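Here come two complexes built around chain A, the first alongside chain B, the second alongside chain C.
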Partner chain A sequence: MSDQLTMTAAPGAPAARLGRMFTWASERGTLITGLTLSGFILFIGFVGPFIYPVDPFAIHPNHALEAPSLAFPFGTDELGRDELALLLSGGLATLIVSLPAAVLAFVVGVAYGLASGLGPAWLDRLLMRLLDAVLALPSLIILLFFASLVTLNNTSLILLLGFISWPSLARLVRNETMAQKGRDFVLATEQLGAGRFYIARVHLLRVMAPILVVNGTFMIGDAIFALSALSFLGLGVQPPQVSWGSLLETGLDIIALNPWWMILPPGIVVFAALLAASLTGQGLLARWGNRR
Partner chain B sequence: MIRMVASRMASSSLSIVILVTLVFFMVHLTPGGPAYSILGQKATAASVAEVNARLGLNVPIWQQYAVWWWHLAHGQLGYSYLLSRPVGALLWQYEINTLVFYSVSIILSTVLSIILGLIQGVYYGRWPARIIGAFQLGFYALPPFFVAAILVLWFAVGLKILPANGIVDLREANPGIGSYAAHLVLPVTTITLLTVCSLSRYFGEAVHEELGKEYVRTAAAKGVAFPTILIRHVIRNALRPLVTILGLSFPYIFTGGVIVESVFNYPGLGWLMWRSALSQDYPILIAIVLVIGILTVVGNLLADLVNGLLDPRASYE
Partner chain C sequence: MNAVLRIENLSVSLPRGRRNVTILDALNLEVKSGEMLALVGESGSGKTIAALSVMRLLPPGAKLAGHVWLGDTDLTTLDEAGMRQVRGRDAGMVFQNPLAALNPSRTVSAQIEEAYRVHHGGSAKAARARALELLGEVGIPDPATRLDDYPHQFSGGMRQRVMIAMALACSPKLLIADEPTTGLDPLVAKQIMALIGRLRAEHKMGVLFVTHDLSVVEEHADAIHVLYAGRSVEWGAARNFFAHPRHPYSEALLGSVARLGQARLQNIPGNLPEPETRPPGCRFAPRCDYRRPACELGYPPPDRDGGTEAACLFPLPVNARPDIFAPATKSAIAFPPQLEIADLSVRYAAGGGWLSPAKPFIALRDITLSLGAGECLGVVGESGSGKSTLGRAVLQMIRYQGSILLDGQDFSKLSRAQKQVERRRIQVVFQDPRESLNPRIRIRDIIAEPIRLSDAPRETPIGQQVAELLMRVGLNPEIGDRLPGGVSGGQAQRIAIARALAARPEIIVLDEPTSSLDVSTQAMLLNLLKDLAVETGLSYILISHDFAVVSYMADRIAVLNAGQVVEVNDAAAIIANPQSDYTKALVAAAPQLRSINHQYPPVPQDGLTGTTIL
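Right after this comes the complex of A and B.
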């Protein structure tokens, strides 16, 4: 049980909370299902457009808003664009923003946490107070707010998502650093004259590696959710580019016409992506938690 | 108890002040600014200067910041750029809708979570708990916009038994309470489905944990019937973590609220925030950030107070 305490995911992150619910499943099954789903999502986004090389933006006015058929496997939207091609292109747009954003958030979170944990006491107090302020609001609210301030494109979205979603990881890294830095091997290294950066790089990061990987996985899910939600609200990926969130929103705009083929596929892939991230993270958590 | 509440409030208030300060400076240091969002990107320099002068944006930023707090101290949150109405009155109007929406959702979620959590805790590890667990996981991973879309597709478009959006039917001259209620069904269902899965999980875990404690065995040994133990002892103790989670999830329910209110065009605070973000109406946005910050603090405080009532020991921790 003590392992579970140190191995817990960052509090507040939706994917992390989801992961904790899944304790009844077998860890191996969880990890395998998660990895398979992750592979499927990556395949859709990065390989899909090449396997199904149909121009997602080609307009077929005579085939507007058609249900799935042989010519258009996933139907067409209100302009007569191929929904399957849009879904694949939307997958690429979603992943090329959310994956770098998760990496950026990860780097910022680890750096912030280490700085707070290893720096002087006044810096720690200042950084943690700032963290509390950012954590006082759900990240989607802050995201919505900042998304209204900036010109939205892939770069700004990556920066936005990256610089908003780090706080929970930062707190986790800081607390871990605090717990680890009093341990004998760290003190011994310090006595031998090692600098803070050396200790952070060689000892702390290595000890924390499992927690970091698990939380990094959860962060990918959170980034995909945040981007999809933002796009759904019209403040994410901007037209003419499409993303899973904006595709769902387009379908919802004309929902009175019952375009179920425009709503179910993007919803299901976002669902699958979130499930993939949390199952993988949870699987890794169970595996490393038990090995310790 | 009072000291704990006071210190919690002081530290949370500081967080909110920092947050609002961050938000304020971000808004006012961003190039472009409100003048462009009112006049459009092609506005001339003269008209921009004129609008800036009218909105008080031509004085140094620290002065604007001081003025903002000065006005807040007098109960004024500024004027909406686009709607030209006082933000306070606007917020209040939307806040009422949101409060109705959330109170119904939270009450419903809590009752459902207690029922499901009890089943899950009592049948821990056996099939009834597993079925509930699978549903919890499934609904938790579902993004709120997808849940809302499916519900609309099914009940409003397919079966045509419930309205798809709005707060009342605009074609009715005098919409009764029934019309309001019917328009609440789908948004409330969405939020409840999403909230229940995590709440009931926490409650189920707590019930399971409490059932393994010694006082349960003692009561059973005394000859107290199992349902009585459950109702008189276990529920009361297991409610504590549920209350804490409920308090903490206030702002998260609001997040779901932004998406749900936008899907259903339900004119609440989340919807107002969404529209203001799209039209860059900063006075409203800053005020909403402030309101949600306060809601967060209030949620935590309420949770502490209720926990103090449920278990007097909590007050001394």
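Right after this comes the complex of A and C.
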């Protein structure tokens, strides 16, 4: 017998092991980087203004358009306002609009998708055709159209952004609901006399949780991007309040004077915020994606 | 006769996590030309890995030791290029799922021609002629017209024939068939086995037949080799094995096979050990009724004193004939009526779009059946017979015409809200236990759910009820903390049963409850269901394609074919004296283990008069 046969515990060649380690590191790395960046962004927006309690709207006419110095770490704008204070205040303004907007879009998307997936066939058809119509128009165009109609303040911006970015999630939730509602455990629960709301709440949402969390993360990035784009075009957060998008815009207005300290910081934080949402989402997807 | 395939001391280890784990240990076997050797075992026994390692179709990271002789060639000395020459030319392989093994985007002819030309070369014309010849040989009717069809245009059995044709393309000396009939209907499976038998005789081909189905082995194999937890436990001539199994595991396995007219299936206590935690001595020892201290010391050497060789220190004596093989004597009891199904029809709208009208597909036509309180009604039929649809109609999951009365109350006359309440009285256990438990809910909460959803007053706290239910289905209440992914298939099915019981039903519809489980697990579950019915007075509607399982459980059996009831009668009577040709064929194809159970159960005298042929 081959009881003397020794099986060494080295799975594969060193190259293969290195490859596995790399995969492991990159899967974890994506999530860790994403979460770290997210924490950084939230820190800037919500804690930053208290750590650096300088009035962002105080005007220093004799210090206008100064490059970074000890007195003004991120320089000043054309009115002599402290760029760092503006950046921190703009962060707060950006986040308190885009986070609730993402939550609103998430709730609308999930509710719409569940209604379409669980409701009668005619409702499903109606809701999905409606969704097609919404998706057929570029969202920025719709956004600009409505933004030009209403008075812009935080509430209206939240509603506007929230109602614009739900369709893709709604379709995803609807398709997933369709796929899940015929599974045996759902049928067995129906057999217990459970209603649709109960099944959606207890069973479907729990099975869909990974997909929802991943896509919810992406939606936060989308909302920040949409708000920044809108503000850049002058239809977002209104003066005197500033946001990352509007800060970028003021800097670009006078680009001939090369105020790099006015352009780079807001550009970098918007980019970092989008990257944070995307990496976190992808990291979660890698961990949960292939599990059912 | 010389050996086509000789496996010497074959050990295989596969990577699991960060280490390699030995899956198969010191396998020795020989397949002679023209002989069929059945490699038998339950899931986790290593039988498929053994078959795959002959062809070296193992997952990356696998390690292989020992020798595999195919004719005069030691396959373990060949490199990958050498193995490619062997695969298909010297040894052909047939897999379990022909739909997955065939390329859906290419015609069957193209795939058979490819298998031929890879090794033989030659003209396209010659290859096509060979494909035509092969399709005819495997029994595809009118092969010339089917050459350019795609796999989806063939039925499951015909696809398996195409697979066999591909494997035969280069006239190999060895055919490896890995569960070729699992998943096929019994009548079709029987034809496929007959085909393999005929081909091996005509071509003097050795067949290594991997299976878990002992009744097929008994009927077709010359030799048998039983694996348990990666080690050989018993091997030798199939005839001797079935006459006198010598290893306790073989005996237990044979005792747990459901077959026509059996009194009680044997339970094998405990679970198969994981590859990491296999016991040092005899691997079956922890579950063995005949265990002695010596068994745990080392792996036992083969005992050669009987008709077969058994790796056991204390093999069963040759004349042993345990009483578990005694046939059942079922008495015909009159059950008080509970469920009445009258003129039940189910139509599905098939096809049809915005403009074209849908054509109705009739899944069930005018079914009239009844179920008594405490009775088990078996519903037997092949796939597509409408047996699952019948179950779903009874459960009120689908729309139907006709009436279903529970204790005289017509479901179709109830309001939606009333129906939702009344449905609870009929519960269901599905085929795939993994699908029937929400993967993200803890087992405790899965079982508590029916209690929480019920309006009935609670005499005992929910936690205690859940623990009682778990113990009632033979599980440790501690399992309640786990998620469904953390339990075995058999345990998951017990949990599904506990969940159904938690709703305090009067009837449970069992839709193929054991067909995705191993033989020994199936035996334990069937026994559990039987005991529960006795304890609680539950009624069952047992839906299955397996006549033996149904006959073990059911008091009465209804045979369904193409949406209609072909025959209904007492279980014993229908087996002893099937009336319609269809039932006769099904009974004949059912697992029997004839060499153990020579006779059919005695037929009650009044059973014959009750036969109704519809």
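By our rule, the second predicted complex is superposed on the first by the 264 of 292 C-alpha atoms of A that agree within 3 Å, B and C clash if a C-alpha of one lies under 4 Å from a C-alpha of the other, contacts with A are read in each partner's own complex, and residues count from 1 in each chain.
The working rule: a residue touches a chain if its C-beta (ideal position, glycine included) is under 8 Å from a C-beta of that chain, and two chains touch if they have at least 3 such contacts.
These numbers come from a predicted model, not from an experiment.
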First (chain B), second (chain C), both or neither touched by A:A209: second
Which of chain B and chain C A:V54 touches, first, second, both or neither: neither
Contacts of A:I32 with chain B and chain C, given as first, second, both or neither: neither
Which superposed partner A:L65 touches (first chain B, second chain C, both, neither): neither
First (chain B), second (chain C), both or neither touched by A:F145: first
Chain B versus chain C as contact partner of A:I254, first or second or both or neither: neither
Broader residue contact with chain A after superposition on the shared chain, chain B or chain C: B
First (chain B), second (chain C), both or neither touched by A:M178: neither
Common ground on chain A, meaning residues reached by chain C in one complex and by chain B in the other: none
Parts of chain A lying in touch with chain B, wherever the complex brings them together: 17-18, 21-22, 24, 129-130, 132-134, 136-138, 140-141, 144-150, 225, 228-229, 232-235, 245, 248-249, 251-252, 255-256, 258, 260, 263-264, 267-268, 270-271, 274-275, 278
Residue ranges of chain A touching chain C (in the complex, touch as defined): 1-3, 5, 7-12, 16, 183-185, 187-195, 198, 202-203, 206-207, 209, 292
Residue ranges of chain B in contact with chain A within the complex: 11-12, 14-16, 18-19, 22-23, 26-27, 30, 125, 129-130, 133, 136-137, 140-146, 149-150, 152-153, 156-158, 164, 197-198, 201, 251-252, 254-255, 258-259, 262-263, 273-274, 276-278, 280, 285, 289, 292-293, 296-297
Complex interface listing, chain C residues touching chain A: 9, 11, 13, 15, 18-20, 22, 25-26, 60-61, 63, 65-66, 299, 395, 397, 420-421, 423-424, 426-428, 430, 432, 435-441, 449-450, 453-454, 496, 499-500, 503
